[in-house]
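My structure is below; once you've seen it, I'll send some questions.
In this document, chain identifiers A, B, C and D correspond to the written order of the chains, with residue numbering beginning at 1 in each.
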């Protein structure tokens, strides 16, 4: 079992840290909000009074933060946390951030002899709680192998995408594709309904045909077709439109940098932004189905 | 075993008719091109000298034709084939045509007391040959049940989508969604590759994540990732860009009629049309991957 | 001065017919709704009890109808009005319809020795009332020359676009481009406003720069920037979203037929359809500005 | 007449500096490439051996640089040129950069008591040479008034868009709208041509109708319609696709930051990126017309 310093225990980081405790690791947590640390401490973690205290002597440093600038600020520019981390530690940043931020962290850490991985997750709050997250990891292969057992304490799938930043890129590509087939699914279902089809019948046909995709299979956006998904619960819970917009923004930025054409991703971004501006930002991203509905009285 | 009159034995209809013969049915075929009839006759079908002769006394009339106007012309306006069909026959039109054409056929047939089904297929020439087509059927449920055993002689999945025209609508929705996730998959893969990822590694990650879809799973558009798909064979064979364009055209027309918004489908149509105009019309539709590639010298 | 049979005196046709009367022509009108004929008759036209009576002996037959099928039904299939029209008449159809419908009318008329023009208009109800319409005309040049003086009684610009159907195509192209730069203008203005610019200042800058376009110059979609436009009157009046959708539908159909890629037009169609479904169908098309506004509370 | 330190005398900056000399100003220039300074010195400017020497004691500092990071590096982080600039100088940065970069420069300068303006230009190399540029300026109004006479030595239109960064935002909005109506114009022309219209006739009709826009009026993308434009000279010269891509990238980034929906701009970006990747990066941006052409043999 390992010693772990864990920074950032919000919606995602909290249950992840708790799962590490349950897996038998010795976890010391820090968060700007002491309140967020309480459930993790109740589960058996130690509370640190500062990030420096959390990481002191830890074999692994795990962080789960809201944005790339915050990650860079914590480790490099502001708090300079790297200075407090041992050369034998492995830093695993699970935040979803721009690949550039991940590469900057890796470069700054390397200069101090510290190894890092970017390990963004897929699976949402439910996956974090259930310990079924997918980790998409960028960094050196031996570091990836070293991190694997720890990550499997918080998830069930662990992928090595490539070098530093590759975890972020792979996650970005995946989520862009997710947005595209979610919208595509919503518009196909609405086209069918507008032409007299039953959305459940159409869903079943497409599921067994070439239209099949993850959105249709596990996350049907049409209310009432699947029981337990957000679409059947007023689009509450799930993966927020605002978060999808954040990930699509990272995808667009990556494409701007590499001069890649992403017409479907760009269109998805426009529609999700407008959907968010229309008041749907905090609802599940499958609520894009409502964009297609006829509202006219 | 049933008697079947089969009209239109081209790339798709030919192997379908042969499979009916092999399933033990008594098949009489007709095609404008006698040459196309030869392999079907060689397989054991009888050759008819006219459509009227093919359908005379048949329990089932099956047609596989290139377009809606041709279907209407055969049955209603031009050849008036309905006049030669017995009231006890069941007409199964397997052509992919506009829902309106299907409804027109159903209406004209009903006036003569003849039952019809629209039963467009999914699965392509390979599926037609292997007898693994999917039939998406519109029409009355008892007629669907009556047709089911016959259709299962040519395919392995048979769906009832709803009333007359519903088979066409469901196929159109499915193929629009297919186009969307194929292009989405191609652009996600290219974005990854442009940012240093290996397309196979990225494909595997997305396959086990929320980006998963039929294109990624069975038809990877990036050359070399999957062995037997068109992408690894110079985009030969498969489902032609021109045919995808035809289906997307039907989707747009359906959306125009029902005043449905189909932004992703509309964009897919624009990209496929341009791709076809650029010389890719007769290649497989996964060749849209080339649209994203950097050609600049 | 000429004798004119005028069919269809609704919002557009009514004021057009009145202007013909005022220009000194002898006009006989017909409409399915006697009520619509009243103001035209009050202006000096004669009322006909049937389309046949309206066109009998007229030098010009002018029609202004809501759709292509209705035009074909009147002249060719249903009312067979062509049979009542003299070979020396010139038929000028001002309806906005598919080019195919225009060509069908021209072909059917030619078989009876009757000359036709397709002459869709631009300028809306206000232009019809003020006699400032633009006529975009397809047909033979001598017929165009013959019609010109009559058309100038209802408008101020008359263009010869080419052969039969060319008037419709040119109008379709124009209106597709109009939709594109209207939406482009709205989104540029909102992007500026979201980033702190004053919409009027930004409008003035773009008007004198390369962003200049008709929408920005004469029809600013941002409320309050221009005084007399629909944007400053709650988007009342003007050119309805539903009508723009009709024209964009004709553009898409034309593109489907010629296998032309129209990505901007396709996207415009999707946005306008969704805007219409959201309850804006009867408002002016510059109300697309509201699509971009932040509604979130 | 004023003393001016001018940094960056490439394609744009060179002729701009020469025009300042011709207007009677005392100009001291600096560029990393001594070769680029030669024609400006030949025109009467003094050569500086360093940026510091160029700006020493100058009433105005004008810079024309390729990107925002380079601007920040020159003035703030790397060369720290601000430290060499007098508090009585007015810094006018004419580079097209992200609004954030402009604001950063303004903030850093203000801390040293130095006033700045962002003043990106429109009009291209031809406009720089002819002295007919348009300056779109952000910053304080009195500074704008102070700069105006100097700017009119290099251009003929000067607009005050708002506070620091507003010049960049306004230029970005304008160029995004330009891209949209250029592509819209190209696709409308091709749709017309594909349906039998003459591109010149169609252009003339749309010019006098609601499709009118700057691209159609001054920069027709269809070869042969206008004599002196890039379209009639193999798309050589003009405003490069790569530069349009840079500006569209700035627009997308601005939209990402303000969470504005820019569907038309996003689509334009995708098409221009792909066009550039296809080998058109160094051709004029009106070459997007070729994207629509039928290449198929």
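Heads up, the rule we're going with is that a residue touches a chain if its C-beta (ideal position, glycine included) is under 8 Å from a C-beta of that chain, and two chains touch if they have at least 3 such contacts.
Not measured: the values here are computed from a predicted model.
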**Prompt:** Which contact partners do chain A and chain B have in common?
**Reply:** C, D
**Message:** Looking only at C-beta pairs that count as contacts, which pair of chains has more of them, A-D or B-D?
**Reply:** A-D
**Message:** On a CA-centroid basis, which chain has its centre farthest from chain C's?
**Reply:** A
**Distance between chain centroids, defined by C-alpha means - chain A, chain D (Å)** = 38
**Request:** Can you check how far apart chain B and chain D are, centre to centre, with Cα atoms defining each centre and the answer in Å?
**Result:** 51
**Prompt:** Mind pulling the chain A residues that touch 2 or more other chains?
**Reply:** 255, 259-263, 267, 271, 274, 276-277, 291-292
**Request:** Within their complex, state which residues of chain C touch chain A.
**Result:** 267, 274, 276-279, 281, 291-297
**Message:** List the residues on chain C that touch chain B in their complex, please.
**Reply:** 245, 249, 252-253, 255-256, 259-263, 266-267, 269-271, 273-274, 276-277
**Prompt:** In their shared complex, at which residues does chain B touch chain A?
**Reply:** 99, 122, 134, 136, 157, 159-163, 165-166, 169-170, 172-178, 180-181, 183-185, 187-192, 194-198, 201-202, 204-206, 208-217, 219, 251, 254-255, 257-265, 267-268, 271, 291-292
